Structures are given as C-alpha cells and as structure tokens.
Amino acid sequence: MDFSYDARTEDLRTRMLAFLDEQVLPAEPVFHAQHAAGHPWGRPPVLQELKTEARRRGLWNLFLPDDRFGAGLTNLQYAPLAEITGRSPFIAPEAVNCAAPDTGNMEVLSLFGTPGQQDRWLKPLLDGAIRSAFCMTEPEVASSDAANITTRIERDGDSYVVNGRKWWSSGALAPECELLIVMGKTDPEGPRHRQQSMILVPRDTPGVRVERGVHVFGYTDGPHGGHGEVVFDDVRVPAENIIAGEGEGFAIAQARLGPGRIHHCMRLIGMAERAFDLMCERAGSRVAFGRPLAEQGVVREWIAEARVRIEQARLLVLKTAYLMDTIGNKGAHTEIQAIKIAVPAMAEWVIDKAIQTHGGGGVSQDFPLAELWAHARTLRLADGPDEVHRASLARRELRRYQNT
Amino acid sequence: MDFSYDARTEDLRTRMLAFLDEQVLPAEPVFHAQHAAGHPWGRPPVLQELKTEARRRGLWNLFLPDDRFGAGLTNLQYAPLAEITGRSPFIAPEAVNCAAPDTGNMEVLSLFGTPGQQDRWLKPLLDGAIRSAFCMTEPEVASSDAANITTRIERDGDSYVVNGRKWWSSGALAPECELLIVMGKTDPEGPRHRQQSMILVPRDTPGVRVERGVHVFGYTDGPHGGHGEVVFDDVRVPAENIIAGEGEGFAIAQARLGPGRIHHCMRLIGMAERAFDLMCERAGSRVAFGRPLAEQGVVREWIAEARVRIEQARLLVLKTAYLMDTIGNKGAHTEIQAIKIAVPAMAEWVIDKAIQTHGGGGVSQDFPLAELWAHARTLRLADGPDEVHRASLARRELRRYQNT
Amino acid sequence: MDFSYDARTEDLRTRMLAFLDEQVLPAEPVFHAQHAAGHPWGRPPVLQELKTEARRRGLWNLFLPDDRFGAGLTNLQYAPLAEITGRSPFIAPEAVNCAAPDTGNMEVLSLFGTPGQQDRWLKPLLDGAIRSAFCMTEPEVASSDAANITTRIERDGDSYVVNGRKWWSSGALAPECELLIVMGKTDPEGPRHRQQSMILVPRDTPGVRVERGVHVFGYTDGPHGGHGEVVFDDVRVPAENIIAGEGEGFAIAQARLGPGRIHHCMRLIGMAERAFDLMCERAGSRVAFGRPLAEQGVVREWIAEARVRIEQARLLVLKTAYLMDTIGNKGAHTEIQAIKIAVPAMAEWVIDKAIQTHGGGGVSQDFPLAELWAHARTLRLADGPDEVHRASLARRELRRYQNT
Amino acid sequence: MDFSYDARTEDLRTRMLAFLDEQVLPAEPVFHAQHAAGHPWGRPPVLQELKTEARRRGLWNLFLPDDRFGAGLTNLQYAPLAEITGRSPFIAPEAVNCAAPDTGNMEVLSLFGTPGQQDRWLKPLLDGAIRSAFCMTEPEVASSDAANITTRIERDGDSYVVNGRKWWSSGALAPECELLIVMGKTDPEGPRHRQQSMILVPRDTPGVRVERGVHVFGYTDGPHGGHGEVVFDDVRVPAENIIAGEGEGFAIAQARLGPGRIHHCMRLIGMAERAFDLMCERAGSRVAFGRPLAEQGVVREWIAEARVRIEQARLLVLKTAYLMDTIGNKGAHTEIQAIKIAVPAMAEWVIDKAIQTHGGGGVSQDFPLAELWAHARTLRLADGPDEVHRASLARRELRRYQNT
C-alpha cells in the first residue's frame, strides 16, 4: 500500500497546480460575473477558454482509467489531481473534462457501450463537445433502494418506450446537454437486482420534458445546467440504445457509483483544503477585540482540528483508491462506503468553521465557502444517504462475527 | 417564574394559530410563485393581503411592549406568538408587522425618538405602510466589536454628514424601504462606548447608494428586500435626525439588540417545530428497504433528540423573557447571550436532521427546510457570532469566582 | 407552570445550603479516609453523625410526597433541594435519608404496602435505621425489556419460592442492608405486563447469596454497600410478602421508576454545578503558558457552554416536576424520558470539561470529578439505556402524525 | 509512503497474534484474580510466565529501534505489533517488555546514557529484570509547560541534590521498580529550554519517599505499580548520574515523548479494535425488544462509524510512523501532535459505544471496556492535554500563511 507519487503523477500534479493558480482561480470572478449576465442554465464563455487551455496543457480526461479513451491513470494516481480540481470545484473539474455526471456516463459507455454507442456518444463527450445527464433518482420514492424505482422501459417492437419521472438529473437544463442515460425497470417482476436496465435517450427525443431545475440551498447550479426534473412521456428510442442488455441496470449502476463516489471524495478533500486556506488567511488578517483571530484559542482549535480531520480523510481516500486499483471496486466496497460516510461530513465541518471565521462574509457570495458548504452537505445525501451506507457497512462488519 | 399563558395570551395564541393554518401556510406556494414572477426585491402581492387580514384579526404589532404604540405585551406573552410566526418565518412575521429589522427600528423610535421623529417615521412603520433598514455591520471590520466601526457621522452646521460602507442592511433593496437607521462614529476619540451615534437617513437622500444584495447560501431574501450593501457618500441630513443625541449609539444598539435577539430565538423555536413536523410526517410516509423511516432506529433517535432539544431551548427562551420582563434587559444579559448561543444551534441541528430525512428533497425548494436551515445557520453569526457571546458569558461567570 | 420557590421551599433551600456548606463538604475527606481505613462495604462513621445532624435540622425524608410518612413536598418543591444534595452526591443524599435505592423502596412501600409491611419495613427505613436493595436487573438479559426477566417467584402453599440471579442490586453488600425487594415472574405465560410481581425478601433468608460487588469504572461504591450480584436459590418467604398482589410487578416498577428517574436528574444538575464550580475555580488559579486558563479561549467556551447546558437541563427537570405534580407520572411520561435522555449526557459533558481543566488531577481521587463522571456516565444506562428511552419517546411523538 | 508489511513484520505479526490468542487473552482472568488476591502494587505471577514465553517466541524489546539493544524495527514495522498488544493493554505490552514508562526510559538510556549508565540500568531493564519510573509531572503546576517545573537538581561537590514533588510517576509503587529518572531544574535562570536536566535516582536512595498511588477513575493500576506521588527530600546522587549533561533535560524529554506518544497511539488502535470486537459480538448475541441489537439501527450506526474512525486513525498513525522513520521525530512533529489529538478521542468514542452496547456490564469489571475507557480518556491528558497540542499544531499551520 504505497501512497507515494510516481513520476507521472508528480508531473501531472505540478501542471495541475500551475493550471489552478494561473488560470482557474483568477477565472472565478469572471465565471460568476458572466453567469450572472448570461443564460440562467448556460455555461459562462470563460469555461470554454479554460477547457482549451487545459487540453493544451495535457490536463484532459484524467479520470478515465481506460487508456484507449482517457489518461489511463489508476485511482491512486488520479486522487491528488482530482483533489486539486476540488479547490475550485465549480470550474476546474469541467475545465479538465473530469466533471460529474459526464465522467460517470463516459465510464459507463467505455465499459458497457457498443462500438456504435461509443462512436455516437462517448467520442463527443471525451472531446467536451457535448454534455450529458444521468437520470436515476425519482422524486416519489426513496431511490437509494433500487427496488423502489418506478420508471418503466418497455420493449415495443424495435423500440423501447420510457415512462417515468426523474429528478436531480444534473446538467439536464444546459443547452449543451444532448444525452440522457436513464435507469428504469424492464422486468418489474424479475429478481430484485435484475429488474433494472439503462438506456440512452437523446435529449431531443419527443416526450422528454425537462420541467424545472431543482435548487440546492438556494443555488441553481445554473452554470452547469442545473439539476433537472425530467418527465419521460412515452419516449420511444431504438432498441439498440439499451446499454449492455436488459437486466444489467443495477450492475451498471454499481459499476458507475464506485468511481463516482471516490471522485466526489477526492474533490471534497480539495474543497476542505480551500476552506482551510481561507480560514487561516482570514484568521491572520481579521482583528477582533484587539487581537487577530489567529491568536484566539477557539479559532486555533478549529484550525488544528481541521488539519487533523482533513489528513485522516485524505489517507482513507488514498487507501480506498489503492484497493480499487488492486482488488477492484467490489473488493473495496467497505472502503468506498467508509469514505462516502467520512469525507462529506469532514468537509462540511471544516467549511462550517471557515464560514464562522469569516463572519457574515462566510455565508455570502463574496467567498466560495457557502456554496462549497452546500455542495458538501448535499453529498451526505447524493449517491445514497449516510444512513444507508452506514447500515450496509455495519451489516458487512457484523457478518464477520456471526459464528463467534 | 410562571410560564403559564394568561387569558390574553391564550386568546392571541388561538387566533395566531388559526391565522397560520388558514391563511399563512396556504399562501406559501403563492408567495414563492409571485416572487419568482415579479421584481427580484419586491414583495409578493399576497403579503399585502395577509397583512390586511392579520390586522383585521387583531394580530398586529404584537412585538411592541409600549402600549401607546403596539400591543403592550410582555416578552413572556409575546414568546408563544412569535414562535408561531416562526413556523412560516418568511411570511408570518411580516404579515403581522412583527418582522426584523422593522421591529427593532420601531422599538428604537418608540424608546428614543422625539415626537417629531415618531410622527414622521414610527407611525408609517406601525401602519406597515413603509419599511426600514438598519445599517450597522461593516464589511471591512469585525463589527461584533463596536469599537471597530469606521463609518463617520460628522456635524456640519445644522446637518450631519455621513460617510461609510455598511452591509447586511436587511430590506434595503426593497422599493418600500424608505428609512435607514445608521450607526457611525461622531467622536472617534471619545470613551469606547460613547464614540457612536445613530441617525435617521431617508433612503432617497443624495449620496445613499445601495450597491447590491448580499446572499445567504444562495438565497437573496428577495421578497424582503434582500440584504443591502449600502454606501454613504457625503450623505447630508438635518441635525435633528440624530437619535437621542451624540454618543448614544452604543446604548441604543444594546437596547435594540436584546429584544431583537430574543425575537429571533422565539421564531427559531417555531422553525424547529416546523422542521420537526415535516420530519415526522416524512418518516411516517416514506418507505425504504421495506419499512417506513419511522420504524428505523436512526430516524427515531433524531426525532427523540429533536424533541428533547426543542423543549429545552423553549424553556430557556421563556425564562429569558420572564427575566427581561421583571429585571430588565440588562439584568437578563447572561440569559440573552445563553439563548443566542443555544437556540440557533438547536434549530440548525433539528433542521439538518429533517433535511436528511427528506433525502434530495430536503436541500431543494420543494420543502422549506433548506431555506430554514440557511436562516438558522446565519443566526449563529448575525447579532454577534457565537464565539463572542460565549467569551462574554464566560467572563461574567468567572467573575463570580474571582475571590475564591 | 410556575417555577418560583414558595416560602417553604425557600426556607428548606436555605437550610439545605447551610447544611451542605457547614457539614457535608467538610466531611468529604473524612468520609473517604474512614472508608479507606474501614470495612470495604461499610458506612463511614461520619455518615451517622451527618444523619443525626440533618434530622436535627429538619432535613429528613424530603423526597416522600406522602405526608403521612415523609415531608409531603411536591416534586417542584423537592427539585432544588435534591439538586443541592447532588453537589456532594456520595454523602448528602443519604445524610438526609433521600438516597436511592431506599427512596424508591420507601415509595413503593408507602404506595402499595400493607399496614403490616409498612410497619415492619417502611418505618425503620424512614428512620434510617436499616437499608434496603432493589433486585430487578439480571445479568443474562437486556433488562430494560421487562418481558426478558427470568427470575421466578412461585407460589407454594403459604409461601413464595424465589429463584434467579440479579445484579446491580445497589447497597446489597452493606451490613445495614436488611431488605431486598425482588422483581420476578409469577405468571410467565400471562399478558406481557401482568407476568411480573414484586416481593419482599429479608436479606438473611436462607438461599439468598450476595456473591460479589459489581464495580463502576473501578469504583466499588463501597461506602454505600456496593452493587450486589445476588443469587436466589429456592428462597422461601411468606405469601404475605408479595407487594400489592400477583401481576402487579410491572405497574409497581413503573410507579417506582418515574420518581427515581427525576430524583437522579435533580441530583445530576447539582453534580454538574459542582463540576462547574471546580472548573471555574481551577481556571482562575491555574497558569499555563503565561496566562490563567480563565483567559484562554477554549476554557471560556467550555464555561459558557456548560452554563447554557446546565440551565436548559434544569428547566426541563422543573417542567417535568411540575407536570408530575399536576397531571401525574403517567401524563409526564414523555418529559420523564426526555430528562432521562438529556440530563446525564449534559452532566457527563460538563464534568468531562471540568476534568480536562484539572489536568491529571481531574481523573484522580484528589477531586470528586472522576467519580462524578463515572456516576453520570452510568446513568446513561441505569433505569434503561438512552436508546430505549429515545425509541419510546419517538414512537409516542410519531403517533401524533399518524393520521396526517 | 508505503504502508505494506514487509516479510519481517508479517512474520512478527503472525507470531504476535498467536501469542495474544494463545497466551495473553486466556491469562486475563488469571491476571485479575491473582492481583485481587495479592499485593496491591505487585505484579501477578502469570505476568512473569508470559514474559518468559514471549521471550521464547522472539517477541521482546520490539519497540527499540537501536538494534544494539532491541529489535531494531522501524516505527512502521513496530506499529502493527504494538497495535496487537493494545488489544490487551494491561498485560501484553509488559509481557513483551514494551510497556511504558520503561520503554521511554530504555530509549533515553540507549540514546543518551554513558556506557556505565547503560551497563548499570539499561541492561536489567532490557532483560525485564527490574522496572523503572519517570518523574516529570508535578502536582502544583501545569506541567505541560516545562518552564513551570519547580523540582531542583543542585550540584554539590561530586553529587547532585534533588528536591521536589512529582506525581503520575507510573510504576513507582511496584516492588520491582529500582530506578527513577527525574527531571528538574539545574539552572532556573537559564534560557527557557536549557534550565532543565534529567538525572538517574535509584529508588532506594535516602530521601526518596513514594507517598501514595494516584488513581485513574477508581483504578489504581496496581498490577503495574500504580502511579506514584514521589517526594524528593535532599536526595543525593553521584554527579555521574546526570544524563547527557546539565541543561539537556528539555531536549531529552522531547526525544522521549515522540516515540512515547506514537506507541500510545498504536496501542489505542488495538484497544479500539478490542472494543469493536466486543461490541459486534454483543450486538449479535443480545436480544432486546424481540431483535438482536445487531438489527437495530442505532447500534449499526455505531458499528459503521467506529470502523470508519478506527481506519482513519490507523492510517494517520502509520503515516506518522513513516515520517518519523524517514524525516525524523522533529520533522514529524505536526503528525505526532495530530495523532495525539485524534487517536485517544477516537478510542474513547469507540469504547463508549461498546460500553453502551453492553448495558450495565459495560461499566463493570466483567468486560475490559470500562478500564479501557479510563485509559483512553486519561491519554487526552497524559503527555500534554489535547488543547496544548491543538494550539501548537495550529500555530505551526498558521505560520505558513503569515506572508499571504
């Protein structure tokens, strides 16, 4: 279990840090200003410039372990790079074409797509020419339990017909979003984990209706195409759009979620580090009751505790990455759940303290902290609430004691 | 220390509950829809209808203990009424003309205003005809320490000239906002607590510039006129606009803050109760992994713990109200700080658990929870961050042991 | 809901405070020294002196609401008195004959005992002439669920025969302990809450064997007769020793537990106040890194937070007392559970911070803090673990939402 | 940063696990029974048998990195071995001659001792033939600040004369304890970190008086010679007993504390794992309200959370060990502080939940949990309270931002 950076990682880290410092951080105010002045769900033009620059710098598709399509990095190699993008999580990940939900969709297409599907959809996604959404969660049911899914995908001749309602389809409101990957049931009476399938639905298919954007603590995530509530009303697509065959939906979802979860966690470490920087800078410069905050015991406790928590979370992410690389996503199941439980909570705590250190500014748009917090908090729910992960992790642990 | 409701309180409670159930809660979706369709800083028309109805029902200016101007209730009588308005905190308080910052401003004018000032400004505020803002906090300094204030109020002949920059001037962007109460220094070299004064500044005075709205976790608080960043650039007002004389600013602020803080806490109890209701309803109706959430141990722990915390916080608020009524705001200083520390944190915790119970819906605009949370979180900073209150409360406690 | 002290309470408080300051606190080192030098389960002689003095001062049997037998105080009147005894919880409660488990046993005998039972056992207990134990919990089963009880009480002619094993029978190792009140099943097949009965067993009955003392974090509670593990091996007692008849055991236990729980909570407030005093005194006198602890931010946070938590807990206890006095123990069920959840956790937190303020001394025998902590911690388990109370409280809350 | 076990570590782990399972765990009840029946400060005979057996198995002095004297393992190699001993922390560490405070004293002698000192004292300590104590902390001052030390070591001809009072001199009451290493001031007016020296004091030197044992939450730690309060009254030792020369005391203490702290943390991981095992076994076997605890949501949350916390703490300990091995104790200063903050708190939390799962048994002597807890809690104070470490760690972090 060797966490040292190899030469390639070291090189990419250096370049990623330079890109962040030279290009991304300075672009943050521009990004927000352009968004405020533009289309509510449109991407600010500066993002395209950053993408061009990132590609020029060789920072592109680093997330994809399949070197036919992406950088071919291991999770352990990718972790420190994704962490750096997490320091500016609303810009950097997309600038290097490593942003959810496209990453997961590209991963699905690279693993399970037919050559035709890859040619039609994976290629433009890898190029950053189009964007996509992932339609799994439903408003009416507890979707962390896949058996609850109610969307139907029914075979009808050479087509499938999709009916249902999804939400939290991130990116679906963006003009650039051309593809929806939809999970639904093809066989509601089948075995629990064989009922579901996934299918490719071009967003302009008749019957697809993006009704609205779902907000997150007041944020629309507009520059990323928001979080769509999408209705599928007798949506008909060719039968060949099914991914990997009927009944494979649950397995694909599992394959997609492991990397998705660790990517979130890698970036959350970076988000926490960004908040940590801001907290320390503020503590050094803000004076109250005659002394800088940095000399006040409570703020010092936060800083120490934050450092201790970040470091522990990072190590657990690295260990998980290592296990995914060596024994596979399934073997690393417990660790993936562990980081999904630990890391958002850690980031939420650190960011909260950074907010408190900033006073009123902390909850405002003048610092990225409030939006970072909202993002971290939401990740205690997205991809399954903490409670579901904890219950599952505990069941697995308890199994080891059953014969004692 | 008798917390029972007397007959008048009982009667007002019954009427307030009816108003909430019959008018306010049904108006919530209307309010949001009208706001989305209207002016970003304007009040939705339904609010005016509710105000008319509230006044008709005798639910008006209940916050004001001075019965020449308001209902003449004690804090203990007002507490359960304010709590009820806290269940719909973005509508109910203003509907009954008991919303910050106007309440504090009316209190200041009723206590310290000259008859002329009261006639010009207090009367229309009491009528709900205009709105006002309070300009104290400054972006450049830790404003919980009043000595840090940099805004200047300088005498020049028959006028005062105001120069400075304020933010978190809630309501300042509203078209209805006609009055700003501004704190600044008239005597920067005077004794620490005699340097400050307060002055009345009509918002249309030349040199007043409301530059932008400060957001709260993505929320603009638009329907309430947002939170303004206001620049005062050689703003000249008549000398008679000073409140209570030069050097009285700190004392007025203290007089204003005590009631302001307890009013926030009263409403926070109601916010927590609203979240509690939503959590219990959701727990009873949402099924995951074959059982309603209500039968799952973790959710039950939250519900029990929430009830225990709410109840303790409510009792502490009532005790504080009782002390303010009997020994005065100064005598109740420790208790006012205690609730300012305890109640926002309690509400934040309860609402967070309600959010978690709602899954993705919890952070969205489909339930009031995310916005309630943002409000509760902000109150750990507004009117002084927790840390300042804790340090001050502890100093006072420690004093009792100094000679031991 | 009036929490003010009436004249009688005020008078008793004054006398109790004087007794504590003049007699009890100075006796603490004597008590420990005598115990160390004497019988491991025997009472230090100073305790008898204190009892004589307390009785002389009219501070005796204050816990018993039945004025035929005790002081006839309401719970609300008793609360502040019990709190004072909690400041020296290993001496004061017994010095005023208000110590568990005798209080509960006296309450049971006063409520359910026949005149003969009262004459034989209640009278000497009220006189402080003998001591008693309560045998309910069993080592082999989760005893918070009364259906799990395995001890049998079987009718055989004019006798009952008791067989079983109990533990946590506090006081049972003391030479002065003459009576055991034992809960067991007379009808294991009966309705869930009618299976159990309670019976009086003189400790010297053949077949009663006190096997050992159970420790609490290294403490034996020796001066109070420890916590016995007691075996009942064909123990035969007259049929008239049954309390209130067969099948009444569960109801008696419930009647006993309500007051027992609130008495613990009242004393826990006092324990927290004692720890608070010690923390503040230490903070004022101990210097580290050039400044007294009292000027260091972290310690100040603890002090403020402790004050806020103690105050909230006290108010909840008072409310519960009030409800028990007015609507009865059954009506106050939720509140009794609420304080059982909230108060030990509060005390544990406050004492932990006081320990930390004392450095190594905090965990040692040089201050009462470590033993106070162990006692508070144990009360998160005794009389039912927190989790059982929370689950039950939540079920009750959820019931209110069932038809929504 | 490679955390994999090399072949030697793997071999030692296998042997250590076998020793624990086959010898140590079965000896636990014997150990306690022998102690209860024997000398209050004497070692139970079974310990000597275990030491003989451990040495036979090649498990001896593994802590000592200097291969002239000990096993010559790196910290990274030693970490998993020390963790295993932590599963039975009151027996296993001493059985393999790796118990504090002897380990630290042996380290000091190996690093700073003269050949004569090593021959006289290090040799018998390495053989496990004698035991030693470390006399640093003083009852009257906050000893985490070395400048507070008041004990004097004064040169007088060919001797040094020691005067002072120490406590928490662990092991000092044991009959086997023959050596005290004492820290005191030789030059109270010298530079802050050059005032202190360390000196070797044979326990039988006239003037040495071990007054009493200091308890830890009711535990005496009797089988390990307790925690002595030791008075030095004109204690005269030869001048050659000074270690490394006058003024070296602070530097020696620092050199001693780094390894001491990480050894504690390694063992705490094992203590947490032991509690985790007990919690899971209990959860699987104990039934309450019709279901095993393992099926109840709250207990499952604890189990999951415990696993997540233990794993993070372990990784941080391993990283710290790696840094100590590669960049030295000084370079790893921040990480040593980080584990000192994080690991005891983690262990305390895990053990607390295991206690709660065990009901009344959890706080009793029937399971090791209560004593494990007391030990973990004390380590939030021993070797410097959390607050001192946090303040120091934060200062170091803040330094990085000073020029921004």
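Think of it as A, B, C and D in the order they're written, each chain with its own count starting at 1.
Here is the rule we go by: a residue touches a chain if its C-beta (ideal position, glycine included) is under 8 Å from a C-beta of that chain, and two chains touch if they have at least 3 such contacts.
Everything quoted here is computed from the prediction, not taken from an experiment.
*Asks:* Taking contacts as defined above, which has more of them, A-C or A-B?
*Replies:* Greater number of contacting C-beta pairs: A-B.
*Asks:* I'd like the Å distance between the centres of chain A and chain B, where a centre is the mean of that chain's Cα atoms.
*Replies:* For chain A versus chain B, the centre distance works out to 37 Å.
*Asks:* Approximately how many whole Å separate the CA-defined centres of chain A and chain D?
*Replies:* 43
*Asks:* Just give me the whole-number Å value for how far the CA centre of chain A lies from that of chain C.
*Replies:* The answer is 53 Å.
*Asks:* Among the residues of chain D, which are close enough to touch at least two other chains?
*Replies:* 296-301, 387
*Asks:* For the protein chains shown, what form does their contact graph take: line, ring, star, complete or other?
*Replies:* Here the contact pattern is complete, since every chain touches every other one.
*Asks:* What part of chain A is in contact with chain C in the complex they form?
*Replies:* 296-301
*Asks:* Going by the contact rule set out above, which residues of chain D touch chain A in the complex?
*Replies:* Touching chain A from chain D are residues 1-4, 277, 280-281, 283-284, 294, 297, 299-301, 303-305, 307-308, 311-313, 315-316, 319, 334-335, 337-338, 341-342, 387, 389-391, 393-395, 397-398, 400-402, 404.
*Asks:* Taking the touch rule as given, give the residues of chain C at its contact with chain D in the complex, in rising order.
*Replies:* Result: residues 137, 139, 141-145, 148, 167-168, 214-220, 286-289, 296, 298-299, 355-356, 359-366, 370-371, 373-374, 377-378, 380-382, 385-388, 390 of chain C touch chain D.
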